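Got some structures for you, see below.
Look at the two complexes coming up: subunit A is in both, with subunit B in one and subunit C in the other.
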Partner chain A sequence: MFETYIKDYNEAVFEIDKELALEVVETAIQNGVTPEQVVFNIIIPSIEEMMAVIAENADTNLAQHFMTAQIAAEITEKMLAKFTTPPEVVGRIIIGTAYGDLHSLGKRIVMGCLKSMMVEVVDLGVNIKAEDFVDAAVAQDAQVIAISSMMVHTATGEDGSIKVRALLKERNLENKIKLVVGGAPYRFDHELYTKVGADKWAADGVTAAKIIKQLILEVKAS
Partner chain B sequence: MSPLETLSAAITGQPAHRIPIFCNLLDQGAKELNMPLEQYYSKGEYVADAQLKMLKRYGYDNVWSLSYVGKEAQLLGCQKILFAKNGVPNVADFVIKSWDDIPTFEIPEDIILHPHWQSIADCLKILQHEVGSTHPICAYVTASTTLPILLMGMDKWMELVLTGPVSLRDELLRKCSDFVQQEIAALRDAGANVIIYATPFGSPYFIPKKMIADWSMPWMQRDLIAGPDNIVYYCGMAPLNTVTELVIDKLNINLFYPAPEDDISESKRLINGKGLTSGVIDDIKMIHWTKQQTRDEVKRIIEIGKPGGHFLFGTGLMPLDIPEENIIALLDAAFEYGRYA
Partner chain C sequence: MSVRLALDITGVRVRAACGGIGTCGACTIKTVKGSFTPLTLAEWQKIPETEREDGDRLACQLYLKSDSEIFLHNPAPTSNWKSFDLQHWPDYHYPNFVFKNTFYAIAVDLGTTHIRLSFWDRNQQKRIACRHGNNPQVALGEDVLTRLDVQKQRGSDLQSLTQIVRDTIIEGVKDILARDIGEIKSILAKVGVVNIVGNTAMLALLSGQDGSQLYDPENWENHISCLPIDLQAWKQSWRMPNAEINIQAPLAGFIGSDILADLIAIDITQHSKPIMLADFGTNTEIALWDGNQIWLTSVPGGPAFEGVGLQNGLSADTGAIKAVSLKNNIFLLETIGEERAKGFCASGFVDAIALLRTNGEIKLSGRFSEPNSEGILLDNNNPYTTIKARDIDAFQRAKAATGAAMQQLLVLADISIHNLSELWICGAFGQHLNLHNAQTTGLIPSMDCSRIKLFGNAALSGCEKMVLSPNANKITDELRQRVHVVNLSHYPEYDDCFINHLRLKPFIGDE
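This part shows the complex of A and B:
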């Protein structure tokens, strides 16, 4: 039963048809699917399927990634309000754009996917200082800091990820908090993340959610 | 041959001593004049002076009248640009803060009377006087389908494009397209002879090909109503090979500046001797490459693209972090491997 919904829902997302995607979910609910099942048996598997498609074939586009995240986040928020018991949270991340960077699209895609995957997201916004990322991660007991940069100088600058790494090292937090980066510069140089001190990088927002979730589970298991 | 003649020969397939070599040094101009970026970009004279000094020092083929992309936002009402010490200036004030602002948003009645046009005009006047008859003078125009990113941010624009009211979206696009038409005309009048038409929403990296054909294309046709002369199709370093045939067919553009990830052989096959395509180096990697790695990549690109002409070697918007020795290595290799026997 869920396979059909997942297929129909993902087809709608691929066609960037939000109304149709919402209709699929509405039909599922009318047919007796519970809010919990909508999230765990339709939305999350659909995001994972999009992740698999991106991993196998790069021929997806930013509009599809955006819609994947936005529709999933919107439906999840509605469904969560109807859950009979609060869901178990996978973990928590701190997210923001690098200091000097005001571009927020990538961050928004990552956040949309993560929220649907039951990851708590603390969004610091744009133009965030390195100290603020680390302080927030400690205060919120987060497992991951995620930093988005659209421009080369905000990715490689001394006030961005490089400084976050230095602070994590200085405060002996490197085993407790992992650092993930993403954004255009990293797509052009796949080794750049190592040069700015990150543990991982992702080429797109949907894949970033997958990587972040894996890192959360690794930190919690250690 | 002058660089302008070299470019013309490459486009038409006439014999030339070498391929054209475009090196896009923008923020480096501040270093050249030993100024902070904000001061450097405050006057068109500074930009022109630095462009001419760098042209003389490095010997590549093109100069730029572009200060920074956010200048277009300023022409449309942006009140604040965030200048960095070491990189591209950011738009820090969105003119359209919510969709409700769209109906009252206005473009300049006459772009050349706008205070922010002055520095562009000053820059172009000097460049035109000094090298207008010999060198390509590049100007940068953001397509109407992309311009709203500078006005409201990428995520709000994406939301409006994909899920918002069509009438509101089209109202904004009409205003943006009117602005683009004005901007292209003004830049041509002021002496720009190569217009880089930046259209990320014309790349399948951003939206599906069908949406490019059905939605972006009519707006691009409207933007370019004055004709495709010297218009270069560029998707902001996003791939464009798979839409090249569509663009040739619908826009009559025959100059292309693909992404580093576009296959150069395929770019050449698609242009098929009818204009010019480019081999563009992934210059972000040049920040950490050695001189030899830079040379090797230039050689690889040119060896694929040079045979048969209709080819230009170029860079992206060279980040400031690239060591000068790599800029020199890039140009040495480009001049060496770009020569025709």
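This part shows the complex of A and C:
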């Protein structure tokens, strides 16, 4: 029975049919599946599978990419409200797009994946100044700052990641707060992240979420 | 239409130097077979007897009476410039407008990919000719940002993007003068005004700036000045000492004055009921008139609406598939110039997606029904008819951005699709668009097709009105004051709306 839910849910997500995906989850809950099982045994494996399929396929369908993360995040949020004990939160990140960049959808994919992996996300929105990233990370006690850039000049600009790195250094926060980046320019130049002072980058939402989770654990352990 | 004018619309043109009145003889061609109008007086005078007997005719005097075959033994050299069909253009009549010496006027619509221009005699209220050609800056970068980067590197030397595009515009003007009037220098001196509209980046580059203010987010909603830095030198290089060169200022950092020209072309504020206008292109601008103000925004269209950028994408040129229909499960392809298909222009691509969706080969999600890494071939014998998964994806994102923007503006203005009296589709994209198919894919709202109007060269038409109407400045200023620019990135719900519009299904509205 449980296998059927997984299969039906995967199919619905694959067809980016949000209503159907929600229906599958509702039915599962009515038939005794716990919200925890929905998140950990249906949704998370599904995103992973989905991202693997997308990564393998040269003809990446971005439309599907957006919707997968969106559906996952929405359902996870619904399920979290129903958890019997509050979920154990891995950590917290600050996310936003680089100064000068209004492209928000890449960030949204990563947020969807992070939420379903129990990472708390503080979204500052688009066109964020370097100071605001760092101030928010300190105020919210976040372990990671994630910056999305969809254009070369916002990825490499002096007011973007480069400045965030400089501020972290200046305020002696480099051990407490890690910096990750993502977006189209980094996919074209795999070394670009080091040039802008980031600790890591990732090509897709699931990988990003996994890397961020790993960094959070490292910061917490240190 | 004379043979010469018919050929002017294509890539093969006859030579010409007198404006088509039969006095220069440059357009001589040979008739091979078919039925033609009789020789005119000009032809009796211009063509020697032996050659007349051989079938030589003047293309500017010649009309076809049947399918015919002609031979161009001395065609004009290949040119960037073509004339275009003015059949569906509005007529403008403005009273009592007399200019002494500077009665010629030029209207220019400067696009990222194409340049359109027309040449007017203001005293006679007559359009002498129009041309469209490619913007040669494309070779230095297809999108606006790459070009701004190139301009920064090159500075203001002769190779700058400013110089390249100015040279191209004047070349187009000279093409008209040489072919349609027969004089160049003396006419240029009588040009009184050149009015130019376009997107912000193109106008900034034309004015000689490096466009760096466009990188600054603070400027996206502000008015951007595009005043030329070297007006006198510019006028001199164009040999137009008496011309006023007006670069119509963009409405904001990401909304050009081409959309302003669209709004003028359709007299948007004269309508008493709500109207929506969309100008599809690399950037798609959307305007909504609510009876009091104009809500205006811009979203990325990406390559899907210009044809270019798809696996087999073309701009609307010879050999491009402009329409697709389905008969007995076979795809019938209609190409521009009726040549063998070389790829899809946007309208043909929309048709293909709609038909593949209707017959079940593509699912609502945009995925192929059967796993298919090669893509779908519409004509098995022609590889240029392939549609790949990534093409459909690019289209989905472009149409979702547009649909979501339309919906967001409707929400802001508190108007429903049912209350829209008209939807205008401007830009070359709309010219061949099959409305039913566009609605099947959700590209445009599902509303009665009689309320949807197509206007291909609206920006050039509005630009012409700006140089012809005695009240042009007043109208333009009033419009500018009524515009309310909307930056969709300030609306988090736009993202949700975008995702909801990704599926290939009709856009009903009120969702």
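Going forward, the second predicted complex is superposed on the first by the 207 of 222 C-alpha atoms of A that agree within 3 Å, B and C clash if a C-alpha of one lies under 4 Å from a C-alpha of the other, contacts with A are read in each partner's own complex, and residues count from 1 in each chain.
Note that in this section contacts are C-beta pairs under 8 Å (C-beta built on N, C-alpha and C of every residue); 3 or more make two chains touch, one makes a residue touch a chain.
Everything numeric in this text was worked out from a predicted model, so none of it was measured.
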| item | value |
| --- | --- |
| Touching partner for A:105 - first (subunit B), second (subunit C), both, neither | both |
| Which of subunit B and subunit C A:16 touches, first, second, both or neither | both |
| Subunit B versus subunit C as contact partner of A:188, first or second or both or neither | first |
| Partner chain in contact with A:156 - subunit B first, subunit C second, else both or neither | first |
| Partner chain in contact with A:67 - subunit B first, subunit C second, else both or neither | both |
| Partner chain(s) touched by A:40 [first = subunit B, second = subunit C, both, neither] | neither |
| Intersection of the subunit A residues that touch subunit B with those that touch subunit C | 16, 59, 61-64, 66-67, 70, 100, 102, 104-105, 108, 127, 151-153 |
| Residue ranges of subunit A touching subunit B (in the complex, touch as defined) | 16, 18, 59, 61-64, 66-67, 70, 100-105, 108, 127, 151-154, 156-157, 184-185, 188-189, 191-192, 195 |
| Complex contacts: residues of subunit A adjacent to subunit C | 14-17, 57-64, 66-67, 70, 99-100, 102, 104-105, 108, 125-127, 151-153 |
| Residue numbers on subunit B that touch subunit A, as the complex places them | 82, 84, 86-88, 90-92, 153-155, 158-159, 161-163, 204-208, 211, 237, 260, 282, 284-285, 287-288, 319-321 |
| Subunit C - residues contacting subunit A, complex | 145, 149, 215-217, 220, 363-367, 373, 388-390, 392-393, 396-397, 400, 487, 489, 492, 495-496, 498-499, 502-503 |
